[in-house]
Every structure is written in C-alpha cells, then in structure tokens.
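What follows is a pair of complexes built around chain A, which joins chain B in one and chain C in the other.
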Partner chain A sequence: MARYILRRVLQSIPLLFIISFILFNLTNSLGDPLAVYAESRNRPSARDREMITRRLGLDKPILEQYLIWLVGNDWMLVDVLGDGSRMEYGTRRGVLRGDLGLSFVTRQPSWTRIQERLPWTLALMIPAYVITVVLAIAIGVFSAVRQYSFWDNLITGLSFFFYSMPIFFIALVTIYIFAVQFKRWGLEPIKWGGTGDGTLGSQLQHMVLPVFCLVAIQLAGYVRFIRSSMLEVLGQDYIRTARSKGLSEPRVVRLHAFKNASLPLVTLIGLDLPFLLAGAVVTERIFAWPGMGRLFIESFERADVPVMMAILMVLCIAVVVFQLLTDIVYTMLDPRIRYS
Partner chain B sequence: MTTQTNTSSLRGGQEEKVLSLNPQQAAKGVSNFARSMRRLRKHRMAMVGALLLLFIFLYVLIGSLLIPESVSIYNDPRRALQAPSAEHPFGTDVIGRDILARTIYGGQISLFIGVTAMLVQILVGAAVGLAAGYLGGLADALLMRLAEAMLSIPQLFLALIALRIFSDPTQFPDFNFMGRRFSSTMIVIVFVIGLTSWMRVSRIVRSVVLSVKEQEYVTAARSIGAHSWRIVFRHVLPNCTAPIIVSATLGVAAAILLEAYLGFLGLGVRAPTPTWGNIMGEANSYLDSWFYWFFPAIFIMLTVLGINFLGDGLRDAFDPRSLK
Partner chain C sequence: MTIKNRVRLVLAFALAFAMVFAAVGAAPTRAQDTLTVGFAQEPDNMNGFYSSMAFAQWANDLVQASLYDFSDELTPVLVLAAEVPSRENGGISEDFTEYTVKLKPDLKWSDGQPLTADDLVFTYQMVKDPANNMLQGSNIRDALEEVELIDATTFRLKFNVAKPFPEDQIGSPGLSTILPAHIFRPIYEAEGTIENAAENQDPTVFSGPYVLREWKRGESMLFEANPNYVFGEPKIKRVLLRFFPDTDSQYAALAAGQLDFVPNVSEGDIPRVAASNPDIKITTVFGGYIESLWLNLREDTHPRAGHPALKDVRVRRALRLAIDRETITKELLAGATSPTDSIYAGSPFENKDLGVTPYDPEAAKALLDEAGWVVGADGIREKDGVKLEMRYSTTTAGWRNNIQAVVQQQLALVGVSVILERYPASEFFGAFANGGINAIGEYDIAQYANNTALTNPANVTVDEALNCKQIPNDDNPGGQNFTGFCSEEMDAASLVTKTSLDADERLAAAYKIQEIMRDNAPLINLFPRGDNYAYNTTRFTTEIRIGSGVGNQWFDIMNWELK
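Then we have the complex of A and B:
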C-alpha cells in the first residue's frame, strides 16, 4: 500500500509539470500583458515600459520565462536598462518556493487575490454540493427500489430534463419568477445579485437563488448515477441471499445494497470536489457573485497572466491531489482491491 | 416516461426476432450493428429524441427557406424589445431584430458548431488513441499523460484561453460564404471545442486497441502478412464503432452546451454571426423581456435533450448487458 501511494505521488509530479507548461504557454500567448498599463491613468513612458518588461522577464524566450516562473529570478542579475549599465537582482521567488507572482493589474500577490475570492466561492459551492449529494442519494435510492414505477419514471424523465438544461436558462427563469414576477404579484421578491449588505441574513437571502440553481443542475446527473449503481447492486446474487434469509427490506436496501452502491459514488465525489474550487463561472456571472469564476474571467479579460496561472495551478494541484486521495480511499473501502 | 414498456419489449422481443428471420437473412447472418439498430428502433426514449432532433433540424432548415436571412439582420430601434405578436411570434431584440429569424439562423450555426466540433473531437481522439495503443511504450506514456493533463484543467477555462489566442480579428477577418457574412470565430470555436474534448474518446479507443491487439485473429492477420494499416482499419476500428458512436452523439450535446456557455459569457462567436449562445449573451441584460432569452434557451435545451435521449438509447442498444 505504502509503495503504491509513493508511486502514485511520484507519477503526479511530472503530470503537474506538464500541466503547468501547457498552461504557461497558453496564458502567455494571450496578448500584451502590459496593455493594462497603457490604459491606466499614470501611463508609463516607453522607457519605463521596457524596464518593467525586463524586470518581469517578459523579454526572455518562453522557456526561460517558464523557468523563472518556476524558480524565480532573485538569484540572477537582471539587465534593467538593456545596455548592461544597471544590473539588479530580480524580485520573484518562483512558484516552487511558494511565490505565485504579483497581479499585473492590482500589484497584489496573486495568492491574496485568490484568498479574497475563495471563501465566497466556497460559501456558494459547499452548501449547494452537500444539498445535491444528500438529495441525490435519497431520490436515487427511492427511484431504484421502485424501478419502472410511476415515481421512478417521473424521476428519470425529470432528471433527463434538468440534465439537458443549460444553467443560465434555469437561473434566468428562477430570477424571472422569484424576483421579477413576485414583485408584480405583490409578493416579497427574493433578493439577488451581489452578496447583500453585509449582514448574515441578507447574505443568506442572496444565496438562495444561486444555490437553488446549482442544486437543480447538478442533482440530475447524481440521481441518474446513484439510481443506476443501485440497480446494478440490487440485481446481485447476495441481495437475493439477504432477502431469502428473511432480512427486512429496509435493512437489505440500507446495509447490503446502498453500502455497496456508494463505492462508485465515493469516486465521483472525489473527482468532482476539486472542481468546486473553480466556482461556477456562469452562475457567478449571472448572480454577480464575487467568487473564483469571476476572478478568472476578470483576469482573463485584462490578460492578468499571473493571477490566471495562480488560479489554474491551484485548481490543477487540487484535481491531482484529490484523484490520488480518491484512489487511496477507494482501496481502503473496497477490500476486493489490493495494490502491491 | 415509458421505460418500462420499451425495455420489457426489448428483453422479450430481441431473441425471438433473431430466430424469426426469413431464411435469406438467416443465411447471410445478422451483423451486430444491424441487431443494435433494431434494438435502437424499439427504444422509445431514443425515438422521441430522434424525433425531437428531426424537428429542430427541420425548424432551422425550412425556417431559412421561408424567412430570408435579411430578416434576421434587419434592425429597427423603434420596435426594440417588443413582446411576441402575430408579426413577430418570438418578439424582437434590443435593436429590433426579429427573434424568430435569429433563432433559425443562429440555430444553423449552433448545430453546425456542435456537429463539426464533434467530428474534430472524434478524429483527434481516435488518432491519439490508436497511436497510443498501437505504438505503446514512450508514445503511449506521453500521449496519455497529455490527455490526463488536459482532463485536469476545467474545459471552459481552457476553451476561453484558446479562443482568445486564435480569434484576433486582424488575423482572422470575417468571410463571405453563399452570400452570407460570417465571423471567423465560428470556425475557430469548432477547433477550440474539438481540441479541448478529445481526451475521453482517445482513452476509449486506446483501451479497445489494447484488448484487440492481443486477440488471436490479429495475430493470425499479422502472420499472413497484413500490414499495420490493414489491421487498424479492418480489425481495430470496427471494434471501436459502438463506443465511438455513443460518445460522438453525446459529444454534439456537450459541444452545443459549451458553445452556449461561451456565447453567454460574451466570449464565443462574434457578431455578425448569431448563435443560440450569443443571443443568450445579449439577452442576459434584459431579464424583463422574457421572450428575448427564453426562445434561444428552449432550443438549446430541446436539442441537448434530444441528443441525450438518443445517446442513452444508443448506449443501451450497443450494450445488451445494460438491459439485464
């Protein structure tokens, strides 16, 4: 087991280098990052721009820039003026030493930008995800034990329906009904857009609609998944054995069927969890929620390469780590799997 | 929903059908593919999906014969954001264009993007999967690490970045085709979506290659001197058709949804080319005018729903075990 874990950890390190190299090349091809300076009020002169370019190492070939991004440039002399008359040490320490770089736009460390936004994203995604999984287990099991009944067919049909719905559609419909129409009908409209006036109650009210939309969209896929893995387990011989030895049906479903059916669910959850960090780009846009998805779009629109790279790398590291954890947890839960 | 009737008829009907073939057919034998197609025709959800798709297809096709493209471009700010009426059944948009006409012409582009992006995805995925599985060794390791790396990055983020890099209007200007003017972002987006979604297909193909490679008939083919290309096209690819058809079908839905999300964010296909997605992007700010966003969204949903029904039916039809 320990050797298996060690091997998986060692395998994921080159993977992260490949990911970071692809992303670095892509984000650095987005256009002139110094364009944001050109539109700012105290616009730098051409000479200053050149100095900034050299300090940031943007004049170097892309491979060298990638190395600087990895290990920093505080140990090498930077020729600030380009003629060798003024040599300075760089200021970047590199990602490998925990320095994700300064935002081109706000000059804050990229990590600070992420720290500002991450709690907002989690405030939205965690409740939505917990509600989704709990409801999905309840509905999926309910549907599976009544296979082909009226309720099962209704649930299957609805889950297809919601599974096919783009999230902006359900978001716009719910806003239209609960905010716009409620006002017309003289009811108290649910507030949406932004995070409220700072009080907890107002924040919770602003969370209602986005959380509802996220649940509605995610639920369908999870219900279908749980229903089909329950059906598979319910068809197994050991379920027949459990029934024939006289166990009560709830006991069969809960202990013998659901416990086994939840194994693939562990994998699904483990693989989906890290993507919660990315936030929901479209949902956050519609509800003006200041989360990670919007931070990414904002940095994307201004070609703020360090912040984009920071978000993407945090995300990819989370994905790789969770993949590893999922594998390990799975081995521990399923005694049939043995790794040497 | 009619899952019960269709699956039970499937379970009961399948074997009898095979036995009740007329002698000529029985002599020729029935291919697996034909058998799967017969199962598909009995799958009621799949047929509902196929009808839905036929309806959408006829809508954008016949619609464009009845309503000329100029109607979808003609704007008149005096009639902006009018609610549905006899003259404009779906209402008008913010600069007074007819939304019915725009969903027809936008739909053509959305469907075109969905289908062609799927083709790119399948071609690249199959090529990578074949190369990795067949060559093995270093090529396999590198290609599969690449696929794994790309799967770890959220596709929307990847697509946004790639789209920005390749949609510089000075490098890719608008072009004219069949008397209509298109934005070149429409072509770029096809490749961006295709090249960010080939990974799953390549994994499926690779796993089929690896299992087929060990079969005795491949060894036999090789021993009588068949070269690699023949083995790939005669023995390996036919074994991949079922999973490829299923993932191609679902791939169209995913591509249409991704285009819609990009368009909704205002970062997808640019004007003057409408798509269901970028009409939604414009309509986002006019929440009160429900008809503006409702109709393009309903078309996206119906298309994706139809494809999902069909894809689910295909999966059942190709994999009889899933019905047990």
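Then we have the complex of A and C:
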C-alpha cells in the first residue's frame, strides 16, 4: 500500500508541472492587468504604466515569466528602473520554494489572500455539503425503497424542479422573499450579506439563506444518484438472499443494500470534496460572502494572475490528494479491492 | 434504527433548528449611530498613492485629510491648509514655479502626534523617489525639483516648469493622501521604499474624519470617528462599508433598509433603484467623465485601420446626426443626464454657445449621399464595392450593451450597418503590447468613457487620447491616441490650456479645442456621466451634501447626521 501511495505521489508531480504550465498560459491570456486603469479617474501616466508593467514582470516573454513564477528571481539581477541604471536581485522565491507570488492588485502575498478567504468558504461549503449528503442519502434511500410510490414521484419531480433552476435565481428569490418582503409584511427579515457581526449567532443567521440555496441546487443531483444506485443494488441476488434468510427490511437496506450502493457515492464525494475549497462563485457573490469563489472571480476581473494561479494550483493539489484518499477509502469499504 | 436512535435523531434536528432560530431572534438590530454604506468593490490599497481604484479612493477619503478639497459646487474647501496659495496672497511666485503652503496650526494625527509641515515634506519626498513605485503623483514627480521645510506649519515646493494649477500639486485632485512621517520614515530608512509597507494595507494612523478600526477582508470595513480631526469629531460615530459585488443584491439590501448609502449607481439602474423603496433618493453630482463613441481613423495596417468611410468627415458628422442621443438618455438612462458634443461637458470650461448637434436622420442621409455612400439593394450603403458596415465594440457592461442595440437600430435607418462586439474590460482596455482590442484598433466604433477637465481646462483626454504624438504603433507602444486623430492646431491649443499663465488665454484655447472637435468629429460624445448616489432619506436628519468627482465625496460628512 505504501509503495502504491508513493508511486501515485511521484506520478502526480509531472502532471502538476504540465497543468501549471497550461494554466499559467491560460491565465496570462485572460486580459491585461493594467486595463483596469483605462477608465480610472486617477489614471496613471503612460510612463507610470510602463513602470508598473516592468515591476510586475509583464514585459518579459511568457516562458520567462513562468520560470520566475516557478523558481523565483532572487538569484538573478533585475533592471529596477528599466534603463539599466539600477540592477538589483529580485525578491521572488518561486512556487517551488513556497512563494506563490504577490497579488498584482493588493501587493500582498497570494497565499495571504487565500488564507483570508479559505476559512469563510469552508464555513459555508462544509455545512452545505454535509446537509446535502445527509439529506440526499435519507431521501434517495427512501425514494428507492418506495419506487414509483406517490412520495417517490413527488421527490423525483421536486428534484428535477430544483436541479433545473439556476442558482442566481433561487438566491435572488430567497433574498426577495425572506429579506425584502418579510420586512414589508412586518416580519423579522432573515439577515444576509456578509458573515454577520462576529458572533456565532449572527454568523449562523447569515448562513441560512446561502446554505439553503446551495443545498437546494445540489441536493437533486445527489438524490437521483443515490436512488439509482440503491435501485441497482436492491435488485441483486444477495439482497433476495438476505431477505429470504429472515433479516428485517431496515437491516437489509442499511447493511446489505446501502453499504454496497455507497461505493459509487464515495467516488462522487471524492471528486466533489476538493471543489469545496473553490467555494461557490455565484452564491458568494450574491450573498456577499467573503469566500474563495469571490476571490477567484475578482482576481479574474482584474487579471490578477498570481492569485488566480495560486487558487488553481491549490485546487489541483487538492484534487490529486482527494483522489488518492478516495482510492484508499475504497479498500476500507470493499475488502476485495487491494492495491499493490 | 432503534427507537432510541430515532429519538436521538429527532432531538438533534430539533436542537439544530433551535440554534438557527435562536440566532435569528438574537440578531442585533443595526446601531443607530452607524452609517452603513454599500460598495460594489473592495478597496485594493489604503495608501492613496498605490491605487487608482475609485472605491479605494473613496475609502481613503474617509480617513485621509487633504490640504484642500472641492465642494459639490466645485469651490475649494480648506481642510489642513490655512489658505489656498495664489499669486495674490504671495503663496505662488510670479512665474508659477514656487509654492509656499501654510498649514492650520495645532493639527494632529489620530494617534495624537502633531501633523506638521514635516509630514508634507516627507510625503513629497516619497512621491519624488522612483524607488517607491507609486501609481499616483506623476504630475508632481515629473515637475518637482525641491521641497523645503520652512517651519512647523510652512513648506515650499519648487518646480522645474510653471505650474499654474495648484490643485494638481497640493489640492485633493493631485494630492489626496498625506503620509504620517513618524510611521513611514523608519520603514523607508530601513527598506529604501515604502511600497511593501504593511501600513499600506493595514493603516494605523489617520488624518481624516474617521479611523479604520477593522477590515474584514472580502466583507466590510468599519470606521470610527476621529476625535483629532481638524473639524472636530464627526456627528456620525461609525461608518461601515459593506462589499456587495453583485449589484442586484446590493440594491435589494438598500431596499430592505440594510444599507443607508450606495455610491456608484449605474445610470441604467436608477429607475429600478428609485422604485424599489419610496424612501430612497438618487442624487447625481458632476462625475468628470463623458461616455463617447470613438471612431477608428487610423490608416495603417498595424494597428488595424478603421473603416475607410470614417476618414471622411462628412461620414463622421452623419453618424453624429443619425444617433438620437436624447432618446438614449431619456429612455435608457432615466433622464439622469443629457447629450453633449463638448469634451468639456459639465465643467466651467464648456462652451455652451456651440450647442448640441440635433437628431436629424434626413440630414445624415444627405451627408452620406454627398460623400458618395449610396443605398444598395440590401438597404446598406456602399461605395466602390465597399459596404458601410462597421464593427462597434465596447465592454460587457449591460447598460452599454443596451445603448449598442439602440444605436444599431438608429444607424440602420440611415443605411449604416453595425456589427456589435463585446469584450471583458480587461481585454477591451488591454495595452497595445498585449493586444488590447481598443489599442490595436479592432473596432470601427468603440464606446467607453473618457475623463473631462475638472478644475482647470487642461483636458487629459485631449492631451493624451487625441494628441498626434500619442498614436500607438510598434515604435510607440505606450501611445494613448487609439483613434488616430491628428490635428496640429488642437495639439497647440491643448498645450496652451496646460501651460499658459493667463486664465483668459487658457479658456480661449479650451473653446478652440471644442470648435475643432465639433467640426472634425473624431469622436461622438454621447453624454456626461455623473456620479450617482442612492441613499435612504429616513436615516438622515437633513438633506446631505455629496462632493463631486473632482475631489472628495465625503467633503461635508462632518455635517451629516443620522436620525
């Protein structure tokens, strides 16, 4: 097993290099970080814009920019003023030495910007995901056991209803009803927008609407997945055997059917978990939640390449790690699976 | 599941619901002495020299006092300066190369340290040192020769050329931030630059009406009244800036009473914001921008040449006649602004005698016929086998795209076909070297805003974006004249507006520029863009005064009072 893990880790290293190179080229082609000054009231002069371009290293060929991003420039002389009059060693250490670069926008380390947002994203995404999975298992199993019943049809109908709705629509409708209209109706509106005043109670209240929207939009897919997975297992011979040897139905469903049906669910969760780190772009934006999704979209709008690259690389590494963990969990759930 | 486990499950759910509802009930109501402001973007830096972002400037203006601001009527308001220097009061030398500036006595930083002329001298030294890599202050940096400390409340600036506009060197348009020397000097002495100082992101010492108490990244900034402010402690004790990147949710929060004040309401959103709550009032102040259609007059192949028809001034004038700008401003922008032909619109230097070109599609057709562009079988004009079909590009902003659609219909009525193109701002405004759509000429008509003149007739748009020397090409990639328009006469007049020491001569030059632009139509001005503010009238005791785009929107905040 240890050899297997080591092999997988070693295999992922060239993969991450290739991905980083592709992403670096893509993020650099998204736009010009200096374009933000075009309609600015205090637009920097043409000379100052040249200075900024040089300072951000954008005057260099893309391959050189990538190498500096990778290995830094503290070992090479940099022309600080652009006229050769002042040559100094650079200050970048490069990603390979733990320096994800400085944000073009705030001049803070990219990692600092991620650290500011990551806890808030997890505070929103983990409860939403846990609620989604728990509800989906309960509803999916219930629906499968009572296939084609009234409740199964109702749940299926509602699943498709929410599944087909765009998140921005659900989000704006919930704001309109629970915040704007509640106030007009004389009810206490549910607070939203940001994370509250710092108390746990306030934070929980501010989480109600975004978590509701995230659950509503994600639940349907999981319910459908678990239902079909359960239905497949419930038709197997060993389920008939379990029933015929006199086991109670809840025991058959829980121990024999669900445990076997959960294997594909683990794959799905393993694929989804890394993306919890990415946050939810639309939900965070509408509910003004200071998470990673918003950070990414704000960085995208200002072509802040170092922050975008930092977020994307964190995600790539998370995907690799979670895929490995998923494979390990497989061996626990299914004794037939062994890696060597 | 056993009965016991089911009971446990039910209890767990009940507890979870109870916690949520307890939280709902326990949520504190908004403090009555806190002004809650909605910002669409989060400031990128709290040192005004390192940002050109409007929201960062607005946040900075809450905590930074200038030497003098401008009011909503564009008149100077003394803040830290004892007087606005002039030749008459001896503050400016006869040749405009030397300013002597006096501060008010007994000024203090928020930490109680004295704010003296030494802070101003240090600030100018920092602006001058290229090692600081400042985004702002280039007009000071390029001209400043020497800054001299006279005494605790007096300093002197010496320039290498005449500087007839003191506001650009010492007023809030040119110098909106003053650095606390006792904080920044040790950093500068240790590191040789203040560019990466933590104080830029998390400032601790302030001179303005408020101090920054807490910055919750991505969420809000909390400001508290500064008891050491030059005008005394403001009546509103706290200002909370909350970041709402989605405008729909920002307007919903305003309608729901969660926000008191929202700057930067887009013209296209004014009707729905006003209708969302009868207590909301919209106020528009002079913004200093003009939305225009820029015409690609370039002839070279790289950057891309514009449509050949645009070289003919008759075609350009016809396009101006064919666009019903009155209807656009009334129907799409709720009448918040009105059409203009002047690059000085809204400023004291606008020549109103020149009037505004009326909407006259028949005259437009006649001009196009005269220019040889005749209507073809498909209804589109053509000449020598070339169709009068143009690419009309702008950003992805919704209100701009609405205007695009209307202009497309109006031009179709006179036989001009336009293809609409939209780009993300970072692509549209990209630099020439990076293949920016506007810079490399991938358009025939481009729509975006330009800066107009503010407190003086030196117009940055005329000086940069319409100057013969600023046409970009491979030898001049930093050029800013993307239209390719060139008029030696206008460049000469522009120089006069910048350098003449005679106010009448400068005004005459500004009028000349407006005439040349009316006659040559290198661009079609649509309308001046104001700064639109929405606020909840039930929160304020009286009507509030908001500063213009020239200086500081909060210039009168010490007189604002909440109910």
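Basically, the second predicted complex is superposed on the first by the 298 of 340 C-alpha atoms of A that agree within 3 Å, B and C clash if a C-alpha of one lies under 4 Å from a C-alpha of the other, contacts with A are read in each partner's own complex, and residues count from 1 in each chain.
Just so it is clear, a residue touches a chain if its C-beta (ideal position, glycine included) is under 8 Å from a C-beta of that chain, and two chains touch if they have at least 3 such contacts.
Every value quoted in this text rests on a predicted model; they were computed, and no experiment measured them.
> Classify the contacts of A:Pro14 with the two partner chains as first (chain B alone), second (chain C alone), both, or neither.
First partner only.
> Check whether chain B or chain C contacts more residues of chain A in the superposed model.
Touching more residues of chain A than the other partner does is C.
> For A:Ile286, decide between first (touching chain B), second (touching chain C), both and neither.
So A:Ile286 meets both chain B and chain C here.
> Identify the partner contact of A:Ile190: answer first if only chain B is touched, second if only chain C is, both if each is, neither if none is.
A:Ile190 sits against chain C, while chain B stays out of touch.
> Where does A:Arg47 make contact in the superposed view: on chain B (first), on chain C (second), on both, or on neither?
Only chain C; A:Arg47 stays clear of chain B.
> Considering only the touch criterion stated at the top, classify A:Phe169 as touching first (chain B), second (chain C), both, or neither.
first
> Of the two partner chains, chain B (first) and chain C (second), which one does A:Gly84 touch, if any: first, second, both, or neither?
neither
> One more residue to check, A:Phe275. First (chain B), second (chain C), both or neither?
A:Phe275 contacts chain B only, not chain C.
> Name the contact category of A:Val320: first (chain B only), second (chain C only), both, or neither.
first
> Considering only the touch criterion stated at the top, classify A:Val180 as touching first (chain B), second (chain C), both, or neither.
both
> Touching chain B in one complex and chain C in the other: list those residues of chain A.
30-31, 172, 175-176, 180, 285-286, 297
> Which bits of chain C are touching chain A when the two form their complex?
Going through chain C, the ones touching chain A are 1, 19-20, 22-28, 41-42, 44-45, 50, 52-54, 57, 130-131, 133-136, 138-139, 142, 195-196, 200-201, 216-220, 242-246, 248-249, 252-253, 255-258, 288-289, 424-431, 433-434, 436, 438, 448-449, 451, 460, 464, 470, 478-480, 549.
> If you look only at chain B, which of its residues touch chain A in the complex?
1-4, 7, 45, 145-146, 148-150, 152-154, 156-158, 160-162, 164-165, 253, 257, 260-261, 264-265, 280, 284, 287-288, 290, 293-294, 297-298, 300-301, 304-305, 307-309, 312, 324
> Mind listing the chain A positions that touch chain C in their complex?
30-53, 55, 58-59, 80-81, 105-108, 113, 116-117, 120, 171-172, 175-176, 179-180, 183, 188-191, 193-197, 200-205, 208, 250, 254, 285-291, 294-295, 297-298, 301-303
> Quick one: in the complex, what on chain A touches chain B?
Interface residues on chain A, with respect to chain B: 14-15, 18-19, 22-23, 26-27, 29-31, 148, 152-154, 156-157, 160-161, 163-166, 168-169, 172-173, 175-176, 180, 235, 275, 278, 281-282, 285-286, 296-297, 300, 308, 312, 315-316, 319-320, 323.
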